[in-house]
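Labels run A, B, C, D, E, F and G following the written order; every chain starts at residue 1.
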Amino acid sequence: MEIIGIIIVAVFVNNIVFSQFLGICPFLGVSKKIDTAIGMSAAVTFVITLSTLVTYLIQKGILENFGLEYLQTITFILVIAALVQMVEIIIKKISPPLYQALGVYLPLITTNCIILGVAILVIQKDFNLVESIVYAISTAIGYSMALLIFSSIREQLALSKVPKAMQGVPIALLTAGILAMAFMGFSGIDQVFK
Amino acid sequence: MAKLKSTFKNMFLSLFTICFVVAVLLAQVNKITAKPIAEAKAKKLENAIREVVPPFDNNPVAEAYKIPDGAGDSLTIYPAKKGDEWVGFAVTSYSNNAFGGTIQIIVGFDKDNRIVNYSVLSHAETPGLGAKVVQWFKDTSKPGQCIIGRDLSKEKLSVSKDGGNVDAITASTITSRAFLEAVNKAYAAYVNTIAGNAASGATELSKDIVPEETTKNEKDIASDTTINKNDKTTGGEEHAQ
Amino acid sequence: MLKTFRIGGIHPKANKLSAGKTIQSIEIPDEVSIPLAQHIGAPSQPVVKKGDKVKVGTLIGKSVGFVSANIHSSVSGTVKKIDKVVDVSGYRRDAVIISVEGDEWEDSIDRSETLINECALSQKEIIDKIAASGIVGMGGATFPTHVKLMPPPGTKAEVLIINGVECEPYLTSDHQLMMEKTEEILIGTTLLMKALNVSKAIIGIENNKKDVIAKFSQLASSYPGIRIQPLEERYPQGGEKQLIDALIGRQVPSGALPIAVGAVVQNVGTTFAVYEAVQKNKPLIERIVTVTGEEVHNPCNIRSRIGVPFQALIDFAGGLPQNTGKIVSGGPMMGKAVAYTDIPVTKGTSGILIISSSKAKRKTPKDCIRCAKCVQVCPMGLNPTLLMNLSEYAVWDRAEKNHITDCIECGSCSYTCPADRPLLDYIRLGKGKVMALMKARKN
Amino acid sequence: MIEHEGIIEHIDGNHIKVRILQQSACSACHAKRYCTAADSSEKTVDVVDYSGQFKVNDRVTIEGKTSLGYKAVWWAYGIPLILIVSMVILSTYMWHLNEIQGALLSVSILAPYYIVLYFLRNKMTKIFTFTIKKSDSSNLFLL
Amino acid sequence: MENKLVVSPSPHVHGRDSIPKNMYGVLIALIPAFLVSLYVFRLDAIIITLFSVLFCVGFEYLIAKFILKKQPTITDGSAILTGILLAFNLPSNLPLWILAIGALAAIGIGKMSFGGLGNNIFNPALVGRIFLLISFPAQMTTWPVPATAATDAVTSATVLANLKFNPDNLPSLTHMFLGTEGGSLGEMSALALLLGLGYLLWKKIITWHIPTAILGTVALFSGILYLIHPIPQHNPLIHLFSGGLMLGAIFMATDYVTSPLTKKGMLIYGFFIGIITMCIRLWGAYPEGMSFAIVLMNGFTPLINYYTTPKRFGEVKKNG
Amino acid sequence: MRNNINVLINGIVKENPTFVLLLGMCPTLATTSSALNGMSMGLATLFVLTCSNIAISSLKNLIPDMVRIPAFIVVIAAFVTIVEMVMNAYLPALADSLGIFIPLIVVNCIVLGRAESFASKNNVISSLFDGLGIGIGFTLALTVLGALREFLGTGKIFSITVYPENYGSLIFVLAPGAFIVLGYLIAIFNKLQKKTN
Amino acid sequence: MNAILIAVALLGIIGAASATILYLTGQKFKVIEDPLIEQIQEILPGANCGGCGFPGCRGFASAVVKSYTMDDLFCPVGGQETMDKIATILGKTAPATSKKIAVVRCDGTCEHRPQTSIYDGAPRCAIEAALYGGETDCFFGCLGLGDCVDACLFDAIHINPQTLLPEVDEDKCTACGACVKACPKDIIELRKQGPKSRRIFVSCVNKDKGPIARKACEVACIGCSKCLQVCAFDAITIENNLAYIDDDKCRLCRKCVPVCPTNSIWELNFPPRKEKASESSKEEIKKTV
């Protein structure tokens, strides 16, 4: 039940975009095509999960053991930066065609903000390993959902007559605001799972 | 000075030097700030206790002990003494049924089971709504909503909407309900341990509690006391409001 | 039991003002211009030159290429010149202009009214004769009929469908033709069946032509294999894909021809022309044209020679009303508005509709309110509002993905739209672009 | 169908290297010079073509089915994600390892996965193939 | 011939359907619900509705004219409709200044920022309502007692609030159906709203898909729960007849602009509105989830439109 | 000096990181529920930005190109950690309310971007001004946004009551309000910029 | 001190490890890219208009770098100036291409060309052109609905509300050719801008025979050959009843202009000529832009 609670909270109640405000830049900038949004979602999910796992390991295994919590920020960011690149190298080395296919379909993005954010949140919330992973994935699902809705809304807005001054980022923010309002309707749902 | 070339040696040295300097620097800053940080934390709790119980001269934090809350978790009790005399108890309690999840409070009772004061340690309620809980129930000018001075052995607290005796925060019945739940829990748990010794299993509150009786089991419970880490920054949700 | 097609459709007011009016012939004017491009496909090559004498039925334009059709003189007289004349396309295109002298017909043509039932010709001979006579689809598409009669290899015709639907409001030319030439059409059908080597033919007629249905049903029994099928009144039932769906319950797949489901569709006018060509040796030189409109004095059905200017037909129907706002060649749903009255009648001119100025202009378009009414009425199951937007914003790849090329340009969407949006205008534009892109991609 | 414009960089028999001018999400961004994320990179794609109609510096269009993109995402991110998650769950609930061990095990599961992927690399090469065609010299998108 | 001929592409006739025709049709369908609220709340009903319409129309006019600088199109009736539906979603004793803020949110944020009628993604009236609900929860959740009730209390709880917090204190189903229990202006009587539905269907203003999908899903969802655990909270009839479900399903989820285009899409949309509403009603902090569910699904509508295509003519079925 | 002032102004107006470049959106939205919070976040970023700009431009010749990104990250992260620790020690309440957005300064594109594109190419003084300019631009934007939200939501600005709290629309201090207010602010900024051009 | 040691060690290890990885990545992923491409992209106008025939400016930049000669490569937006700069960087010579500009070859204003019908479809030239010849009897001339205006990325072409004809803003036009492609009637042509922006061209595309053309529009080219006869440089050809001036051969002598009976030859940006009154009216039209 706890686990389901974590999922519901991360996806709906405290959606990473609409209530936690993480990963906003790519959310506003990149999500213009639905197909791309789907591919990006998968990539983000994997990267968030993997880096949460590794930073969790570092936090519990090293930092807390040696009383070095104050190095959290610096180690996490270094590890994450290295990890993301390493995955790319490995894929490229192992199967260049696979790597190429990814390159053709996915835009290059770096969502450091959300990755580091989730890694730190997991530690702050005092989650255990399973909870951390579940939280990371659910957050990513929440993010993917936001990206997906948003890319489709943008495709539609591109075909309608939004006033000049509102075009682009302003209307995107406004839409996100209204969606955030709608998502507030879910508040309290997590209590069922306690 | 010309730019260093990207040879492996240069790179390694340069990066290592930077890391070295940074590590030393951070360790020094940490050393300087570690104490204030710990103090800030400790102070927060101590201030809260001081706020909710009559003046004392012991160290309640050191004498704290835990008792089960009946729901698988435990509440911490901080006894306040003046000299050897017991003047009140501060109890940290919580409820998971608040609007934004968990709300953690500390409530102080005096010898006569009256609420001296309370303080909200952490919450994630809506600013302007549920967040009013921090002050709402302290307003002595409004007896309907004020809980200070109420004798819990006489009445259990509940919101008037549920037929109870406390006026809820406007449009925040949920928060109010959760808050009162936490207060009741604090009182019940504390009385329970006392009564638990007297009449086994009895949950009814006995009116004449003798403080001395508690001192017995105070020791063994206090022995495994660690201050729970519920004052940890909640991060995400909290600032997200 | 009435049948109909399964997706979409609308009920425009029928307004068949000229229903039941007997077909009348009009005097031949002094000069006719016979356009060389009267059909889909390559324009014909003129085979006469200035000063040549021609008779009614003389070949004046020869078909070039596979999809093309012969053109015959509809009058007798002298070729005045071959020049550019504004035709229904709205542009000046090549036409043979003939000064009329008398009314002398080619000798081979049998001008008697006698019904000729038997036909000894072989399948190929029939098709050749149809090709020689320059018959093209008279239901509006003007696709050369002989091409349709030669199914591409790998396909086989199973059923012949005769399109007597005439679902366009106002038009009654097919109706009246069916009333007056019932037997001829049935014989024509038999000929087409023979040409296609099928044993089944269905004549689909909408239920607002009960007299025709009754007459056909009565006579059809003596023509084996021909069935009459009354249909619900619904636009665009006459579209061949819709008609096939309504009659035999098969849907022609996207991008495919009717033959893919074993059907060949011919209009009743075409069928009548086939009869005349095969049995009477008469090339396609005249057709029935409905001249109609609310303000027209005498809405009527006219047998007109090809090349006669609209003005002559309009005069016959009582002249152009004072407050004329728009002249449409064809029906109100699919017809083409023209800017001039001296445009010549061609093989595809099924009617001339005169709309008064109060109704000529469209209302100003508003933004789409996404009411989905256009989606509901589209007989092709498309999403017109999306297609319009994609065309307007030039998103061709998505337009293609959303099957813009399936649109049959029936206009149901524009007709329905409460926001008065010019859906079909843009869809037509997008369809053209996407087709060009697809073609460019193939090469 | 996904299409990308590119330029032929190198031809070696039937193997053609095409440099695709990837319009990365960030390279179109007006703020890219403030942001290191905008590594607007160019990638090369290997294509096999037997027609012999291409030469170096030709402008070509690379085509691949959209489903290929999903497949690539699946192999690169989908499967490893599932592996990690199942390892975490297995190690915690089935084998009752402690958290550090569980986490280590879960990360290290990626190693065998990548090894397997390495052995499947020929198959990958077959799956992820692209075709190229000459670009229409006129800008059809402006048509 | 003096007058020039008009030339335009086909078709040359139009069905004479128009935006105002549809909008005023909906207004007519809302009359029974308005009469009920008039009977229940008397003068308040008129004041709130009237001012809501005035504010909405006024804001639309001002924004169009002075900010967007384009021809105001208030005659199409959509702003009036937004005004009425916004009013129908509010308690009858709401202060007028709050009403004005709500109207500004509805028209300004929900509609005109997106470019006006037809371009908005979210239902304007509901944007207004949720905006108010979040901004002024106290005023938005205190309901005046119906003038028809025989108590002297000034505020009353809605059926749903009781269902959530006080399930022993429920009125009879007949009362709910006829609509004499507390609540927002327009959601009082299921009967009146169903009459409206009949009118809308008869006039072909809407199709049956969305209302049916929503009501069906809610009935099914709670019905299953009721079979498993028959408590009032799970009673399908209570859910159907109480709160804004009917109003939302019939008049608000069906808003053309913000609902899917295809029938398949409408069914999916309705289904999820039903599910989300029930989840919020049963487990969320709010007693009622209809507005949130509709606005949320408005957000999903473009996605639904993207993935559902109408049933295409001649579509070759796979394996078929 | 003239040049340096230009650099400064540029960061505040023409290349305002929030309204023009649209960078660092997360802290912008998350920490502006009040004017004070917004300003604090802005100042924290300003501090990190300026310090890292100075440090990097003075170290630029010691850092080989290939490792410059990791080196920059380490330097920036160091300053961020310092801010974090100092805040926790001396301003615990503020640290609580800014939460994880303090450590997240590390990944704020503005900081790394400036290091990479300006500080690593220019001298210490210009880099200082650049950091200050961009930082002040960011701080101003966050303060304005925070003040506006606080004003609309609670009737206060910097906790000073302007009109009674009961008349404020709570939504503005909550998540949706952040998006909505920022959306309109950017729209207005766009419009004004168009006009001045 | 111990804690500091551990901290140093830890950070050192992690720093070194990530540095190695980042370094490796840098090596592996180093785009084998000419720094020149970046450099050239900086010079390019960044309009990403596609006028050069490449997808975006970057595409053009890499094409320039890769190609051996600079033939066939031209950025219409940046013009010769940019190409010369690029050439200097690459150490090549840019073929001299003279700057071009879009020219609208129709002068069928409301006075010159009486309206004979009313078009009432969607306001797009392409849609009107597919339906019929247009609102006047000239079936070749401008429809005035501005498909060209919509196509221009540089805001360089606008419909003059008085004449209802598009006019090109000489300063803004980059000769990208988007309008040329957009016009369904092939009215717009890219012509040499000429010295001091002086140009002479036939402002008509009507291919009808003289009388028909003249009846439809006062200023239509009727194919009378008068200009052809006065041209000393063989710059004028007549085909399908329409004169055309080759801008490669034209020496801007202005002899053809006055002989045209219908005033359909335009001269732009020349000093005014006193004797011809009608000429100045044209200039006026030009100035109203």
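One rule holds in what follows: a residue touches a chain if its C-beta (ideal position, glycine included) is under 8 Å from a C-beta of that chain, and two chains touch if they have at least 3 such contacts.
Bear in mind the structure is a predicted one, so any value in this text is a computation, not a measurement.
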Ask   = Along touching chains only, what is the step distance from subunit B to subunit E?
value = 1
Inquiry  = Let me check something: if the centre of a chain is the mean of its CA atoms, which chain is farthest from subunit G?
reply    = B
Request  = Looking only at C-beta pairs in contact, point me to the busier pair out of B-G and A-E.
outcome  = A-E
Centroid spacing, where centroids are CA-atom means, of subunit A and subunit D in whole angstrom = 21
Euclidean distance of C-alpha centroids - subunit C vs subunit D, Å = 53
Note = Per the C-alpha means, the centres of subunit F and subunit G lie apart by a whole-Å value of 43
Request  = Could you grab the centroid distance between subunit E and subunit F? Build each centroid from C-alpha atoms only and quote it in angstrom.
outcome  = 41
Query = Which residues of subunit A are in contact with two or more other chains?
reply = 19-21, 29, 70-71, 74, 78, 81, 112, 120-121, 124, 160-161, 166, 171, 174, 177-178, 181, 184, 187-188, 191
Query = Which residues does subunit D have that touch at least 2 chains other than itself?
reply = 36-37, 40-41, 141, 143
Request  = Give the residues of subunit B that touch two or more other chains, as numbers and ranges in rising order.
outcome  = 11, 15, 18-19, 22-23, 26, 30, 99, 129, 174, 233-236, 240
Query = Which subunit F residues qualify as touching subunit B in the complex?
reply = 30-31, 33, 37, 59-67, 70-71, 74-75, 77-78, 81-82, 85-86, 88-90, 92, 95-101, 153-154, 165, 168, 170, 173-175
Note = subunit C contacts subunit E in the complex at 7, 10, 12-13, 90, 169, 241, 245, 251-254, 256, 320, 323-328, 330, 332-341, 353, 355, 357, 359-363, 366-373, 375-376, 378-383, 385-386, 402-403, 406, 409, 411, 414-420, 422, 424-425, 428
Remark   = In the complex, subunit E touches subunit A at residues 68, 109-110, 112-116, 118-119, 121-122, 127, 130-131, 134, 276, 279-280, 283-286, 289, 291-293, 295-296, 298-300, 302-303, 305-306
Query = For subunit G, which residues count as touching subunit B in their complex?
reply = 3-4, 7-8, 10-12, 14-16, 19, 23
Request  = Over in the complex, which subunit A residues touch subunit E? Could you list them?
outcome  = 34, 148-149, 152-153, 155-157, 160-163, 166, 171, 174-175, 177-179, 181-189, 191-192
